[in-house]
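Per-chain numbering from 1; labels A, B and C assigned in written order.
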Amino acid sequence: MKRTLMAALVCAGVISTGALAADNVKIAVIDPLSGPFANVGEAMVRHVQLAADAINARGGVLGGAKFEVIAFDSKSNPQEAQNALKQAVDKGVRYINQTNGSNVAAALIDAVNKHNERNPDKTVMFLNTGAVDPALTNDKCSFWHFRFDADADMKMSALTDAMAKNKSIKKVYLLNQDYAFGQAVAKAGKAMLTKKRPDVEIVGDELHPLGKVKDFAPYVAKMKAAGADSVITGNWGNDMTLLIKAARDAGFKPMFYTYYAGGLGTPPALGDAGIGHLKQVTQWHANVGTDKATKHYEAYRAKYKDTKDDFYFSTHFLALEMLAKAIDAAKSAEPAKVGKALEGLKIEGDTGEVSMRADNHQLVQPLFISTYSKVDGKDVKFDVERTGNGFKSDDRVEGSETVMPTTCKMQRP
Amino acid sequence: MEFFLVQLLNGLAYGLLLFMLSSGLTLIFSMMGVLNFAHASFYMLGAYFAYQCSKWLGFWPALVVAPLLVAGIGALVERFGLRTVHKFGHVAELLLTFGLAYVIEEIVHLVWGRAAVDYQIPEALNFTAFHILTSSYPAYRVFMMAISIAMLIGLYLGLTRTRVGLVIQASLTHPEMVEALGHNVPRVFMLVFAAGAALAGLAGVIGGNAFVTEPGMAAAVGSIVFVVVVFGGMGSLLGAFIASLLIGMVQTFSVGIDYSIGDLAGLFGAQIPEQFASITLARMAPMLPYLLMVMMLVMRPKGLMGTRET
Amino acid sequence: MSEQRSGITPWIVTIALAIALPLLFNKGFSLSLFCQMGINIIFALSYNMLLGQTGMLSFGHAVYFGLAAYFCAHALNAMGQGAFSFPVTLLPLIGGVIGLLFGVVLGYITTKRSGTPFAMISLGIGELVAAGSQMFPDFFGGEAGISTNRVVGPKALGISYGPQIQVYYLIAAWALLSAIAMYAFTKTPLGRMANAVRDNAERAQFVGYDPQRVRYLVFIVASFFAGVAGALSAINFEIVTVENVGLAASGFVLFMAFMGGTGSFYGPVIGAILVTFLQVALSGYTKAWLLYLGLFFLLMVLFAPGGIASLIELHRPAWRARQLGKLLPGYVALLVPVLIGFAGAVGLIEMIYFVETSGGGEGEMRLLGVSVDARQPTAWMVCFALVVIGVLGFRQLRPHLLRRWDDVTLALRAAETRAPSAAVPGVGT
């Protein structure tokens, strides 16, 4: 399988190794393999490969069929992702997986719907492991799409639950990127927080352009002038790093409640900035505390010793484990049958039981709030991306508490 | 008052950094007419070289070594790239730098990876310089400003007190005349290009750790430096200086202003849709420079202090 | 500019090719590749009206392409909800009109200046529109963009535009029509004046034409065709995203026009086909495609700044005079070191990428079907040696080809003096 992966990585699967059985289940990973996010895409391919290896090692599915992972370049661009989908379909792929970017995911859902409508004999299923736009399981929901990460609203619900418990929070500032995701975070954050804690004052709700701000010092000065003791932000990448660094420089130390403090590549750029006052909400982190939680993390580090990235989260394992279980239950690798078997499916994940909602195909799972901290060998045993810093578990929010109402009107084949 | 003072300092620091970036570009642009799209790439290379040097040698040697390395690369680009395509006109020169920016970014991806590198402020400068009432001001920002001002003085002295400087100054306004007087203009070009690259590299050394050193940093400042140069005016370093500070201040202060388009329309008693009305000046802050540039070009293509149009 | 006598043959060949292509390559992916080529041909040709014909270097041409695409996606959606009815076949016309309208508004500001200020204004407007597109998710659809369904409206002759092949022929037809229209434009007085404004604006003014007005009109026409391409893109992808109006898209059309060659009408067509292929298909073979594209672009700027078309034009006289055969052996000989050096360079680049992305070069790597161990120095040395051999061989053999060129040039001159050509000396070029 390693051979296949490498060939796939080098040539995106064009050079076939020719040594594979015909009934293998092909999974196309459509993520950026070139351009600024290629490191993330490569890491995601490794995650899927590791998950596939684990299942193949114990005999695969349907009594011997193996998962075969093929990587395609989405170039972080919705239209290019459609090209990749066409290439994948030409190669007989019936399952696609994507993690990076809700824009790409939305385009893929649409393209998959149209493809399946126009080619009912070659239907394709989309396993989403990281695009968190709530619309994907609401207005845009599709029978062919299953999401294994918690959506932005579920994460916000978990974040605001944690904030509601902390009585020292008095003044909250919302700073977000001025685009669909950031605007959604600001809206949900404001609505949920005022409902759960009417006594908390929202002292600012600011949007800044996506990826254009070089110096966050003016924003920090404004937040400080507003007297904020907590900040909610959906920022990621440099917008995250620059914000935290600017806050540190100005000696401004509120608690930051974030989605992507631990995003791949962010902790190394942060260094020690933000230690102790930077929180994130995730479906997994290394210091969750259950025995199984670090199993994949250690396997990843053992297999990919020299990569700059690290094991990021366990959604790929959940996705492939559930897919394997559904395929065996359906006794077929036909996406329409597997889709029906996936609906309502429950498995025991690394952090607890998870289940796939039948009404909108959103996975329900425990979420964790954690704080960016120095490794201390006690609460923080494992670091992220070999920085010596890791995340300390604060709160565990059970899956049942994160269930959101849905507007999805599922149309089944 | 505290807020105002802090913002003033922030604006000043940002403006000075912009000037470091754009001073080299102004020189190159005015003398050679080349819109150097790779200029911001030199800034990025400066940051990455500094990161590497500070890992091996420490930050202080990096402050000198990194700009020199960037200058060397700049000289090579001028000698073997721009000079070759010079005969094909400005568009070819511009496209060369355009392609170079692509390639440099891709090479940075290969050498240092795609994620940000851990280039941090040196311990010796990692403390609070002073307090403005309750706000602390970091020493490193003071250091950045000091370097920028030192560079400004150095540039001024170099241009007004040395022979080469005088030739460069003359080339800024009367390139044909200088050539007619028998000066080796190509060599002056190479020198200026290398010096411009070094200035951008220096900006990278001190900007890379204050902000983030990552492969997208060139693209992030790529077009803003053009705004400064165009806004300040062709052939005018002073114009670039004023434009840098102005844009630094505009960007910084507009963040603090919550007046929205709706408020503006309200003044005239107009009703506009909510999605437009809710846009505050703060939200538009990073777009303002481009608006300013377009307006300036339409009204006064010479720029603020420019001496000629192209 | 292109030859008057080039005649109708190339057009017929193009039409025949356009009809035959999908019959030869009928996989889903190749078909969608052809569709994108067709769209980019229109886009690149419209860009060349600015750069090649009028000398306006724009960094914001994707604004007109993208905005038209957005409006057409919204139009398709409105049609899907039964708001109005309009044949999809003619949708590119709507796109064109949208592009034209934006060209009228934004072009007025942009074309106030020429030269570098023009380039900077177009860059500024491009940045403003790109930033604005993020701020208004209602119209631009935010991150997800606006998705749509092209299977709407009245169905004529059994054409629903569901199957990709029907969309291909729609794009091919529009590409041909647009190309003919744009070619015809170069022959109009306005097209001629555009060339004059490009070459010498002052002289054009003396003749009585306002250069600013000429630039403005050409800009509007170019925006129209960019809009046509944008509409076709909306139909083809059934999704429009903010990337479509972005600076990268504007940069890419510049790439296409320049690589193909801005000096002739057909140059951008070649550029569009080549760059689209490299962008869409090359990424399927190698992760280093961005680097290859960048290096290729640099080499073109350095050694063939007139684009591929200029290389073709260079050989045209020799071909006419049936002297090309004399050059052929020289080229074939030169091809050997070029291929050797190229193979070495590709090997090096691929190995660097492999080491970078696999985390230290673990595992097996396949290079052109050969298994390579990137951790051993052998492979690196072999590739490096290939590059050196290639470069040395090239330097050795080049004088030979140049001598042949001198022979051919002499022969051509001799033939010219014997039978003076009937061509009228070019005016104002």
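Heads up, the rule we're going with is that a residue touches a chain if its C-beta (ideal position, glycine included) is under 8 Å from a C-beta of that chain, and two chains touch if they have at least 3 such contacts.
Small disclaimer: the values here were computed from a predicted structure and weren't measured.
Taken as a graph of touching chains, this assembly is complete, with every chain in contact with every other.
When every pair of chains is scored by its C-beta contact pairs, the maximum goes to A-C. Averaging Cα coordinates per chain places chain A and chain C 37 Å apart.
Rounded to a whole number, the gap between the C-alpha centres of chain B and chain C is 32 angstrom.
Counting partner chains per residue, chain C shows two or more touched chains at residues 131, 135, 290.
The set of chain A residues touching two or more other chains comprises 38, 178, 209, 212, 308. Residue positions 109, 113, 283, 286-287 of chain B are each in touch with at least two other chains. Those residues of chain A that touch chain B in the complex are listed here as 36-40, 178, 206-209, 211-215, 217-219, 221-222, 224-225, 238, 241-242, 245, 249-251, 264-266, 268-269, 271, 308-309, 387.
Listing the residues of chain A that touch chain C in their complex gives 2-3, 5-7, 9-12, 14-15, 33-35, 38, 42, 72-73, 75, 77-80, 82-83, 86-87, 89-90, 101-103, 105-107, 110-111, 114, 118, 133, 135, 140, 178-181, 183, 209-210, 212, 304-308.
Chain B contributes residues 2-3, 6-7, 10-11, 13-14, 109, 113-118, 120, 128, 134-138, 140-141, 210-212, 214-216, 220-221, 224, 251-253, 255-256, 282-283, 285-287 to its touches with chain A in the complex. Chain contact summary for the complex, chain C toward chain B: residues 51, 57, 109, 112-113, 115-117, 119-121, 123-125, 127-128, 131-132, 135-136, 138, 247, 251, 254, 258, 290-291, 293-295, 297-298, 301-302, 305, 352-353, 356. Taken in their complex, chain B has these residues touching chain C: 33, 35, 81, 84-85, 88, 90-92, 94-96, 98-100, 102-103, 106-107, 109-110, 113, 223, 226-227, 230, 275, 279, 283, 286-287, 290-291, 293-294, 297-298, 301, 309-310.
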